[in-house]
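In this document, chain identifiers A, B and C correspond to the written order of the chains, with residue numbering beginning at 1 in each.
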Amino acid sequence: MTTVDRGPDTSRENVADAKAAAAGLASSRKRRPGWRLLLGQPLFVAVVVIAWAIWRSQADLDSIEKRQLDWTLLGRLTLEHLKLTVVATVIVLAIAVPLGIALTRPRLRRAAPLVVAFANAGQAAPVIGLIVLLAIWLGFGFWTAILALCLYAILPVLRNTIVGLQGVDPTLVEAGRGMGMSNRSVLGRIELPLAVPVIMAGIRTALVLVVGTATLATFIDAGGLGGLITTGIRLLRYPVLISGAILVAALALLIDWAGRVLEEVTRPRGLE
Amino acid sequence: MWDYIAERHAQLLYQSYQHLSLVIQCVLLATVLAVGLAVFVHRNPRIAALAGGVSAIGLTIPSFALLGLLIPLAGIGTATSVIAVTFYATLPILRNAVVGLAGVDSTLIESARGMGMGAVRTLLRVELPLAWPVILAGVRVSAQMSMGIAAIAAYVLGPGLGSFIFTGLTQIGGKNALNSALVGTLGVVLLALILDALLLLAGRLTTSRGIRV
Amino acid sequence: MSDNTNETEVSGVDIDLIDVVKRYPGQKRAAVEGLSLHIPAGEIVMFVGPSGCGKTTSLKMINRLIAPTSGTIRIGGEEIGKQDDDDLRRRIGYVIQGGSLFPHMTVTQNIALVPGLLGWDKRRTAERVDELLELVGLDPARYRGRYPRELSGGQQQRVGVARGLAADPPVILMDEPFGAVDPITRQRLQDELLSIQEELRKTIVCVTHDFDEAVKLGDRILILTEGANIAQYDVPEAILANPADRFVADFVGAGAALKQLTLSRVSEIDLGRPTVAQIGDSAADVLRAAQSAGDDSVVILDAKRRPVDWMWTRDLLDLDRVPAPHDDTDLVTIDRRATLNDALDTMLVSSHGSAVVTGRRDEYLGVVDFQAVLTRIQDTHDEHHGVPDPEAVA
């Protein structure tokens, strides 16, 4: 499994959620990122953003560039981008985690491979195609973008929830049952806490996937920092283009970092 | 849709060929780069870990942002497209190559050296063949990813099927918008499946039977 | 080991299995083909047999982790099929291989789980946890806040036993409880279980694949063949002396007479009583006492009379007071319930050529040396000389 602590990926499904999954894999290996990475990443982002801000406040810009790089506009675009990311991720969580739990219960267990295969197939489509097709079908706008982002990001969370729960040592589950815990209490007190690291790795993968893909939301008028890049390209204004690229990259790194921190914070104590 | 395809089959075939050719060339280049880099760093665990970290961070950067950053350097068109796809293609292979090489049993290396094989020969005859399945898994991830990035790169006039998708986008409301976007999207999916099958086949042929799963 | 001296009150209850059958769908043969069995209160009954014989299935039917296809199981006279499964299980201790501790919970949280399910108040639970840690030989102050991965395998297993005992259940089920630890630790854990059982007198049902373990721990041994059919159910001595059939004889293995040694306990030997001293005693006094007794070594005890060190008198010469032992002092002790085999093993690693013997809660009893063990082996051999070789029986 790509996004799971299982070392290098060798199985077929991995190939599907290529990019962000590979990102998730690298840091969800047995060796966890050290504090240097946890500290270094936001520092790096801060340095880059501050350097950019200094350049922005002193640069000699023409009127179009000034309008595009207006501070309040930049703030709005960043907020839009964050909103896309957060809303999509929350919806993904709300669907994928319960679905993953349901698919590991005895009644639905047999359907799990089918559902994962289906989610995998969806992931094989190029995301830009997915966004455009949904826009043709449902029209432009925020919620269409959210739908596309959710469809794209649901797989890592779903699969990691299933794999995480399946990875819980069955003797521990039986120990819990044998001690007189109900099914629900075994799920809540043993299975889910033990699966948290794997599920969180999936969530971070989804976050990275969503924040990157949200850049494309501008194509269907759903806002976000991607707009700076398209405007920059269309008007051939490099300052706008580069500013957009830097800000998007910085935001993605920051979200990735937040995901890492979340992984660390939610990891139950007592697990390595 | 069939009419649409029939009407444009020449263009469609050409763009499919362009898309596939772009991806294959970039992935080949990325494989050479990544394996070379991995061979270079894998003996030093700290640099190897760094390579892993760089790979993870690099994959975090949205491809559209990188395309934006490359335009001032490489201009609009194929060059930007190639650089971006190669960049992303390199990262998963690099990561897997580092992991794969690190996973080779050190006693095997020792025994190879003990038999009088030099460092280069050991690398070529023992380490790389044993790490190859893991590297190849990275190549498959890479190829799949490159398909999607190449599609996005069509926005900056890179070659390939992405152009159909963007045509669909600009012609929204028009009668062929859906056809165009659908053909582009499904075309990429199809190419991805074909390439993955080819890579699997290549894997069968290039992996020693002794370590085939 | 049938040890029916009723020195403590029996807190266990009877278990009865009446024609219990377990059939899995799609399998031709039933996993358990009608097992009937009486397990007397306060005894340790060991289930042994080849893998796949249905011993674990039989065990798990007692706490209904596996529901029987037909038949009746009664615990303390009450039919368990008529009770709520979860309630039932909260009143049955369950100890599994390796302890199966929940890795994300501390030692305290693991042990306090069932009391929590039963709604005990915090104070009572906390007291119980400390009491149990003491019982299994772990210092509560040191271990209660630890996570399982911060414990050795043997310590994890001890906590597993404490967890099984937590709500003071009358019945405890053990599934290969000591399978995952090294032989020396296993021996200690077995001894500890025996001394705990001496105190508590629970009804313990234990599955093992290790016949020696069955002989050592069991008041009775149940030997099962495929389909959980009873090959023999009897006290260990009887099984060793008179295997019911070829199957049992094969299972008991060669050298049954030698295995009788596993039935002899250190407690049956007269222990040597060298000079003892407590930490902090005046070195001069201790030396004088040792000299007059003719000893060249002194056993050091702590305040709870637990042996902590075994010093040569020459090492005391330059000292004022008897020192507390270094952390790395590897004093190996054996329980008085240890078998003679265990005692020999221990002595071989001791620099004194003999071993310190402890009783309940690690209290010091004396020392045992080679000569004493050899004498006992000789006696045992003579005693059982007339016993027919089980190989010859069939």
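Note that in this section a residue touches a chain if its C-beta (ideal position, glycine included) is under 8 Å from a C-beta of that chain, and two chains touch if they have at least 3 such contacts.
Values in this document were obtained by computation on a predicted structure and should not be read as measured data.
Q: Strictly by the touch rule at the top, which chains does chain B share as contacts with chain C?
A: Where chain B and chain C share a partner, that partner set is A.
Q: Name the chain whose C-alpha centroid is most distant from the C-alpha centroid of chain B.
A: Of all the other chains, the one whose centre lies farthest from chain B is C.
Q: Quick one: most central chain, C-alpha centroids?
A: A
Q: Can you work out the whole-Å distance between the CA centroids of chain B and chain C?
A: Chain centroid spacing, chain B to chain C, equals 59 Å.
Q: Compute the distance, rounded to whole Å, between the mean C-alpha positions of chain A and chain C.
A: Those two chain centres are 51 Å apart.
Q: Let me have the rounded angstrom distance from the C-alpha centre of chain A over to the C-alpha centre of chain B, please.
A: 21
Q: Can you check the complex and tell me which residues of chain A touch chain C?
A: Contact set of chain A toward chain C: 169, 171-172, 174-182, 185, 190, 193-194, 268-272.
Q: Which of the residues in chain A end up touching chain B in this complex?
A: Chain A residues touching chain B: 2, 7-10, 14-16, 18-23, 25-27, 29, 31, 33, 37, 41, 124-130, 132-133, 135-136, 208, 211-213, 215-216, 219-220, 226, 229-230, 232-233, 238, 241-242, 244-246, 248-249, 252-253, 256.
Q: Sort out for me which residues of chain B touch chain A in the complex.
A: On the chain B side, the touching residues are 49, 52-53, 55-57, 59-69, 71-72, 76, 88, 91-92, 95-96, 99-100, 103, 133-134, 137-138, 140-145, 147-149, 151-152, 155-156, 162, 165-166, 168-169, 172, 177-178, 181-182, 184-185, 188-189, 192-193, 196, 213.
Q: Could you list, by residue number, the parts of chain C that touch chain A in their complex?
A: The contact residues of chain C facing chain A are 60, 63, 65, 85-92, 94, 96-97, 100, 102-106, 113-114, 117, 147-149, 163, 173.
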